[in-house]
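Down below are the structures I want you to see.
First subunit A sits with subunit B, and in the next complex the same chain sits with subunit C.
== the complex of A and B ==
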């Protein structure tokens, strides 16, 4: 692709992302904030799947970040943006500890093990009122403080402001994950996923790299959790239960995990379906059913996810736009 | 040919009641092309898996340059300079030929996690690519560097499997049935490659049941049967050995 085309694409996307909240209603703006945060969750989930392991504890890791950030801000009085980063770090460290027993397993056993580990963490939140607040969780979490950068005046109670803030954080996170995937580390992740024995024979510690992927992905999930906690001001154990995990899985599978943009497409399309289409026609109660049907339909008819549909469409577009070249 | 680079001592592996490998002893001299042969089910591949760390031995030990490596995980053994190839063109099918070779350079140029997070390009990343190109050239694959590994021909895939193994400059490479499914022309090409690998300084241990190829390239051959050591010697000695003929063809003398 020519460089100017890339530049135009980036500028157009930036303009679209900046203008987007202004064409939406107030409640849709809130949904937009949630969707932005969810994109970080589902993309960080994909980072783990790069090494071939699928977890059912990812949303709980998001919760670890949310709880840690909330507690640090509320009980210790840590400056909120710093608390968010520490929340992400806490999630990464909890993942590092959990990786010790979990990566003694792989495949289906890892999946079930990660679910069990997540449930244990959720039970700890429920059991220990101090400091986790029990089943009701933590309320009145310190909001992100207002600030004024001259060109950008952040006011917490305006969803547009928080959307811009979350967008900035999420884009930074996506950028780091994208770079990791394109780096030699990403190559090793691929090697570990597709031929673990050949990778071992090349001197690669498969377990070390699966751990690295789990720790990084949990760290970014924790960051997303912290963003969420300081936006809605409350966290409780049910926000991070298996139902939420199934939504993340659905976004990832419907979007497809082979490309970086697959899960983003999945998250955006399903959020639009859910919040705009279903809510407009009053079918939001049917969300689990619709999601289930979409999941089955995707697996049956589009096993590589929506990304494959985009891929095919763009190829058709290229066929019409490009002169046929010899030998290609 | 000097002292033993690889030494197998009283190596045994039991699967339940089956003794797949039973008190096996042999050693591979530095700089040799050493064959490990035997009829089907003789325990050759199990021995291979024991040496490379894919299985843990039930008893006995494997020494590499005099150090005990038995029971170590595969990647640790690889880091000590013993790497293996796999049967049936095991490759990273969806990666390019060059990327396959880059993974092979992992031990020479291990990637830095924090550099990847910070987006730094390290000189070792370029060094890894250069080494990968060098090893592809050695195996005559440089023209295919940008193709996907799965689109290569069978013979090229085999060569790439060896390129991935040799990319890290191992001191000894274990080749698992490198001649299987090859036509005579490909077999000749592969034999030439093995001499080239030895010239480049690596010791080779081959498991194979293609007798013609193995007789043509090996300095020494160890013969196994029913999990046990049968005999060892130069190809000509082994070829004429009564028990070897018996193991491969059945008891010809008594029944004739």
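== the complex of A and C ==
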């Protein structure tokens, strides 16, 4: 692709993302903020699946970031953006500690082990009222401090402002994850997944790379959790339960995890289906039903996820647009 | 103190009885098909809702309703095999994800049909066996224990003494060798799913008057069942039954003397510890894992 085309594409996307909230209703703007945060969650989840491990504790890691950031801002009085970063760091460190027992396991055992570890953390939040607030969680978490940028006055009770802020953070997170995946580290992640014995014989510490993937992905999940906590102003244990985890799993699997954009497609499509379609026809209760059927349908009929569908569609598009090559 | 211990023991015995029914089915399905059925807690829940619909609703006799629960949920198990697992043979992650999808559908269906509120199921008998001043065993719980023992013995005889049982164990041990002997994996999978579903269903039906029945009740059951099959060694039926007893005693004990949330934490920590120290469980063989 010529360079000017790329530039035009980037600018058009940027304009679209900036203009998007202004064509939506207020409640849709709120959904947009959640979706932006969820994209970071599901993409960080995919980073872990690159090494072949499927976790059921990822949403709890998000919760660790949310709780840590909320507590730091509320009890210690840390400046909110700094608290968010520290929240992400806390989630990464908790993941580092958990990796010691968890990476003695693989496959199904890791899946169930990560669930157990996450559930223990969640139950600790529920049980210990003193720092964590018990089942009701933490309320009245400090919001992002407002500031004026000259061209845009950021008041963070307004979803549009928070959307811009979250978008910036999420894009930065996605950029880092993209660079990691395209770097030699990302190649090793793939090697650890598909050829772990070969990787080991080439002198690669498989365990170290698994740990790196878990720590990085948990850190970004924690960042997403912190973004969520300071937006809605409250966190509680039920926000990070297995049901939420299943939603993240659904986005990732329905979208497909082979490419970077697959989980994003999954998250966006399912959010649109859920919020626009289901809410409009008043079938919000049917969300688990739709998600469950999509999950089964994807596994049975579209094992590579929606990204595969996009792939095929674009191939069909190319058939019509591209000149047939000589000799074919 | 002795009386409290005795009462706790009886409560644990009852919990172990229905838990082992659920866990044994889970182990059987995993053994034969290699699939971890996340929807197993929801099969338990379906069994309870059969009671809500037919016993509290239509006032049918409880024994009949329990039998219907057994057969109906067994058939749901067959439905799962035919609609999903058969197509996903050799893809354990796919089977697991599909079963998560299935559990969401079941929960949603029940929530739509019955509402999300807790259902009240009237007891089928009020009788209580009074062993002493403070040690009491409600007959309902005794019946759960008796039926569980009977069904487990029946399952054991089925697996060890009948041709189908041999076929089932053969395909659990080595699928290819079993297939070479003319054992149809399709048939053994159907049988395993029916038995697994039926055991979860009857466990749900029998305990429906004793626990709070909601569409999400399967969650705590499946977590307990996972702990049990991990501690017992995945793939080992005897291990599952024994682990159900250990877990039920620990959980009931901690709940009685400390509190319920701590008991849940202890259970999960027990599972994590087993996963770290001895991933094959205490009774599983190394090659099976």
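What we mean here is this: the second predicted complex is superposed on the first by the 325 of 328 C-alpha atoms of A that agree within 3 Å, B and C clash if a C-alpha of one lies under 4 Å from a C-alpha of the other, contacts with A are read in each partner's own complex, and residues count from 1 in each chain.
The rule we apply is simple: a contact is a pair of C-beta atoms (placed from the backbone, for glycine too) under 8 Å apart; a residue touches a chain by one contact, two chains touch by 3 or more.
Since the model is a prediction, treat every value here as computed from it, not as a measurement.
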Which of subunit B and subunit C A:295 touches, first, second, both or neither: second
Touching partner for A:200 - first (subunit B), second (subunit C), both, neither: first
Partner chain in contact with A:54 - subunit B first, subunit C second, else both or neither: second
Which of subunit B and subunit C A:242 touches, first, second, both or neither: second
Subunit B versus subunit C as contact partner of A:269, first or second or both or neither: neither
Which of subunit B and subunit C A:303 touches, first, second, both or neither: second
First (subunit B), second (subunit C), both or neither touched by A:112: second
Touch count on subunit A, higher of subunit B and subunit C: C
Partner chain in contact with A:190 - subunit B first, subunit C second, else both or neither: first
Interface residues of subunit A shared between complexes with subunit B and subunit C: none
Subunit A-touching residues of subunit B, taken from the complex the two chains share: 52-54, 73-75, 78-79, 83-86, 90-95, 99, 102-104, 106-107, 111, 113, 115-117, 119, 125, 128, 164-165, 167-168
Complex contacts: residues of subunit C adjacent to subunit A: 36, 84, 87-88, 91-94, 96-98, 100-105, 107-109, 111-112, 219, 223, 226-227, 230, 259, 261-262, 264-265, 268-269, 271-272, 275-276, 279
Residues of subunit A that touch subunit C when the two form their complex: 54, 101, 104-105, 108-109, 111-113, 115-117, 119-120, 123-124, 126-127, 242, 246, 249-250, 253, 285-289, 291-296, 299-300, 303
Interfacial residue positions of subunit A with respect to subunit B in the complex: 176, 179-180, 183-188, 190-191, 194-195, 197-206, 212
